[in-house]
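Here is the structure we will look at, set down as structure tokens.
For reference, chains read A, B and C in written order, and residue numbers begin at 1 within each chain.
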Amino acid sequence: MSLNRRRALKLLAAVPVVPAALRGEAAAAQDGTPVASPGASPVASPGATPGASPAASPSVSLPPLAYTGSLNWYQFGYTPGGATAASQLADQAVAAFQQANPGVTVNIVGVPFEGGQQTLDTALAAGGSDAPDIFRIASDRLVKYAAENLAAPIDPFLTDADRADIYPNVLAGVAYEGQHYAWPLWVPPVGVYLNPEIFAEQGVELPGDDWTFDQFRQAAQTLTFEREDGTQVFGFAAAIQPDIINVWAFLYADGGEVLSQDGSTYTFDSPQAVSGLQKLTDLAVTDAVTPPEFGNQMLADVIAAFKDQKALAMYLGASGDIATYVAENIPFEVRPMPIGAAGEHVTVGGLGTFAVRRQDDQARVEAAMRFGRFLTSADVAAAVPGYFLAPPARQSIPIDPANAAMRKFGEMVPFTRLMPQTPAWGQVSAAVNAQIQAAVTGAVPPEEALSIAGEEVTPLLEQG
Amino acid sequence: MARALPIRSARTATPSRRRARWRRWLPGYLFVLPSTAMFAIFLFGPVIWSLLLAFQDASLTQREWTGLDNFRGLLDDRVFRKALRNTALFAAVTVPVNLLVALVLAGLMKPLAARWQTFFRAAYYLPAVTSVVILATVWRWMFNPRFGAINQLLDLGPVPWLARPNLALWAVILSAALTIPAAGVVMYSAAMGSIPGDLYEAAGLEGAGPVRQWWDITVPLLKPTTLYLVVMYTIWAFEVFERVYIMTGGGPAYATTTIVQLIFDTGFRDWQYGVASAQAVVLFALVALAAAVQFRWLRSDVQY
Amino acid sequence: MATTRRAPRRPNPAVGKWLAVAVLVATTLVSLFPLFWMLSTAFTPGSATIKTPPSLIPVPEALLDPSSLPTWVAERAYGPTLDNFQRLVDQTRGLVWRWLLNSAVIAVSITLFHVLFDTMAGYGFARKEFPGRVLLFGLLLSTLMIPPQVTLIPNFLLISRLGLADSNLGVILPGLADVFGIFLMRQYLQTLPREVEDAARVDGAGEWSVFWGIVLPLAKPAVATLAIFMFMRSWNNFIWPLIVLRSGDRLTLPVGVATLQGEFATDVGLIMAGAAVAAVPMIVFFLLFQRYFLDGIRVGALKG
């Protein structure tokens, strides 16, 4: 079958796992004509499946659903009628589910990527018959939905097989006050994308996985140069927007942590975090290896500079971008974050999940729960080729061994720090990112910036 | 004025006279009913609702009365203060610039033939019929550090106008100041046309030059128009949103966050309906206060 | 010259006049430059959008031979193409046409409702006697002072509860609470003589047929101004549709164009093509009905 990987990406990676991924993929996935992907299916290909355990298909033993009727699935970038490959993938997943559960009809409601988060929020707030029954959400935003009583706990529907299958730290990532509030789909860590051609152009050796920050910085300096045709190439870039946490990897790499693990205290004013932000700031202010608009750059800009203009050597991104580059034959490599003062690999990441809206109709909730499990299970991986675009949350779903870049991201999962859980997360990340912007543009010294962010964040945590 | 209200006393009405009166009044009520209903449902009701929300801790699913907490919170809120400062600076620069440009252009157009006046008015007005969203999208690109028209025309090198906290607000202000205040030009032109010509002739006989005449006759006689325009442009400046939302989204580091941008973020990103309503109420109060002050200040010595 | 009678005497009329014209022409260029830049970028082939000096001079393909053009022109020339528009349609999967349709449906509906309701209300306030008339009119007029942002959250909650979120009607309904049209129609109808209406009433016409058959036709000039203004206002409206609409196929043009910015990041040609699709209908509209626009500004209707 002809599978447009970028559209698939756009559809499936749309979960704001790291909301960064959402925006970047939205941008990257839109600009091009459909491309048939060669080896389309990482999961369904014969060589990839032996790892699947019996836990992979827990739904087999489940009784038929009591509910008959429709479910509303809010999906980013879906266009009605299956006009695109992305829509076809969603339709395939729905078709497989409907076949297994006759009597349930899934309506896919397409929402735009840009502003998609707000769109979903307003749809949830609005309620009514066309409100979402099931929707994608990043685990860090999930707590807010749980606290607002909008998301239903999945615990009554979580089987022992599910508990054994989902990675424990990932399952913990959807917990809030003793309950679990979403079906974990996948974990996209933040890694470094490299353009090997620019490395070759400047005679810089490609780094190994255990590279240090100093190696990274040196590379970024050498890779910032002007080509003979006048094109300015920059060594490094990353998006810093209210809901994008990619650059926080620098602060974590030096041992910083935004909040204490229980989410009660702001800790990004620690010397470790300040040191990490100082490094990021030096790249921009002292070394000038970043584009002039660094600080207020959109992720789509960063990706365009990397992919279309070929004028960016390295950037921070999540696994969602892989499929775009594969489909368009863009040369790229992936490395983990360079090792910082923490002395070991650390990166940040999100967790993509499906949450079910809390409502009175329990049969309907159950049906939505069944669908949520299906959308995150080995069943969907088997039924819909090319479904998983980030390391899956379940042990029963293997990563395509042929997808080297995805395997790299898979290797990052053990040292990926998921964002802490607090209902005010949206405001916390906006406040911190605003001050990171201030620091990297040279407006405020890093230490002061992070302490200002603390003054804004602390009252938010107290409210929660 | 209240005492001029045409409400008649019903004390002495007999039932039949009352019926007759209602028959006379009814068509009037029916004619204004559809509009009034729309206002009641979508304006007066919501304004009251907003006032109530401002005193609640309200989010998507929760409501709780919290008295003045939201307003107290705003006092301590660094971002809100920043938004107030940004909005005030935007207004303080754009309002006088717009007024002055409108006044000067209307004055320069005055001696021209009517069709040329029409031509210039149309040329100035053309951008104003285009959505601010569209113009702001264009400006965002013209400020692009590498291939934007501003850096190319001024040969400045890659100045990242919108990415630097200390430049971004000025770039937004510049985009607003460089948009010709077409409504102001049109209104000043109309007002200038109604100033009696013999005033200028008399002044000319006394030896006053054109600049003097402009300053001594035109400017004072335009005061009612100026008052109206100052108030309107101030209100529009306080309500600036699209320009900021499109050009910078309020960033970097809140450098361009205005009150309305903040209301939007607080209400529709953070779901803090109560806090956002409190911010909106403060905006309302500021607009009303600004208008009242300007009326007082400019009205005192208007001579007709 | 027709206007010399009113013009002040100048020491050196010719110099002064040419100076004035020079300033007016220069400001016209500044005023129109963003629109010019938008259009030329929209028609520029992709490769030429990002270069120095920018390609801003359209030259038909046939003449686009560098050797036949002066260097200065050749460096800045481009052969206009529709590539960007084609890409816009392809990559939004035709959604841009839906946005155009949605914008048109919403703007036309709001306009029709306003023409009917505002003329009715204007007639009621201008001609009918009923208790509370002055108070009610004053109350409606006072809404001019209320920043529209005050009602955003309550109206959003209201529209959501009515189940109208993400629908055209959800955009249209709150747009009907707008006092400008009532004010305009009342002012206009007050200037009309009552005799015709009274004559019809003597002939036994009912209230509605007097309104429909006589008042509405007589009010045509004001209705034209009103219609054009309401159309433009709702066509360009941004923040409300931004909040209410969510599905990709239900957006209006300004909201849709704003999303292009996020999705296509550096494809300036495509984004400007989208901007042009949103801007050009209003520009054409303005050029056709200029007179009514300028009338509208004079009665204080529009930003600019």
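One rule holds in what follows: a residue touches a chain if its C-beta (ideal position, glycine included) is under 8 Å from a C-beta of that chain, and two chains touch if they have at least 3 such contacts.
Keep in mind it's a predicted model, so treat the numbers as computed, not measured.
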| item | value |
| --- | --- |
| Category of the chain touch graph - line, ring, star, complete, other | complete |
| Contact-richer chain pair (by C-beta pairs counted) among B-C and A-C | B-C |
| Intercentroid distance (Cα basis), subunit C paired with subunit A, Å | 40 |
| Whole-Å gap separating subunit B and subunit C, where each centre is the average of the chain's CA atoms | 17 |
| Sites on subunit C at which at least two other chains make contact | 156-157, 243, 258, 261 |
| In subunit B, residues with contacts to at least two other chains | 144, 146, 268 |
| Sequence positions of subunit A contacting 2 or more other chains | 122, 125 |
| Residues on subunit B engaged by subunit C in the complex (per definition of touch) | 4-8, 24-25, 27-32, 34-36, 38-39, 41-47, 49-50, 53, 101, 104-105, 108-114, 118, 120-135, 137-142, 144, 146-147, 149, 152, 178-184, 186-187, 190, 197, 200-201, 203-204, 209-210, 213-214, 228, 232, 235-236, 238-239, 241-242, 245-246, 260, 263-264, 267-268, 273, 276-277, 280-281, 283-284, 287-288, 291 |
| Touching residues (chain side subunit C, partner subunit A) in the complex | 90-91, 93, 95, 156-157, 160-161, 163, 165-166, 242-243, 246-249, 251, 258-259, 261-267 |
| Residues of subunit A touching subunit C in the complex | 23, 26-27, 30-31, 33, 77, 79-80, 83-84, 109-115, 119-120, 122-123, 125-130, 298, 300-301, 303-305, 308-309 |
| Partner subunit A, residues of subunit B touching it in the complex | 59-62, 73, 76, 78-79, 144-146, 158-160, 162-166, 168, 248-249, 251-255, 265, 268-271 |
| Subunit B-facing residues of subunit A, complex | 117-118, 121-122, 124-125, 144, 148-150, 232, 240-242, 291-297, 424, 426-427, 430-431, 434-435, 437-438, 441, 443-444, 452, 455-456, 459 |
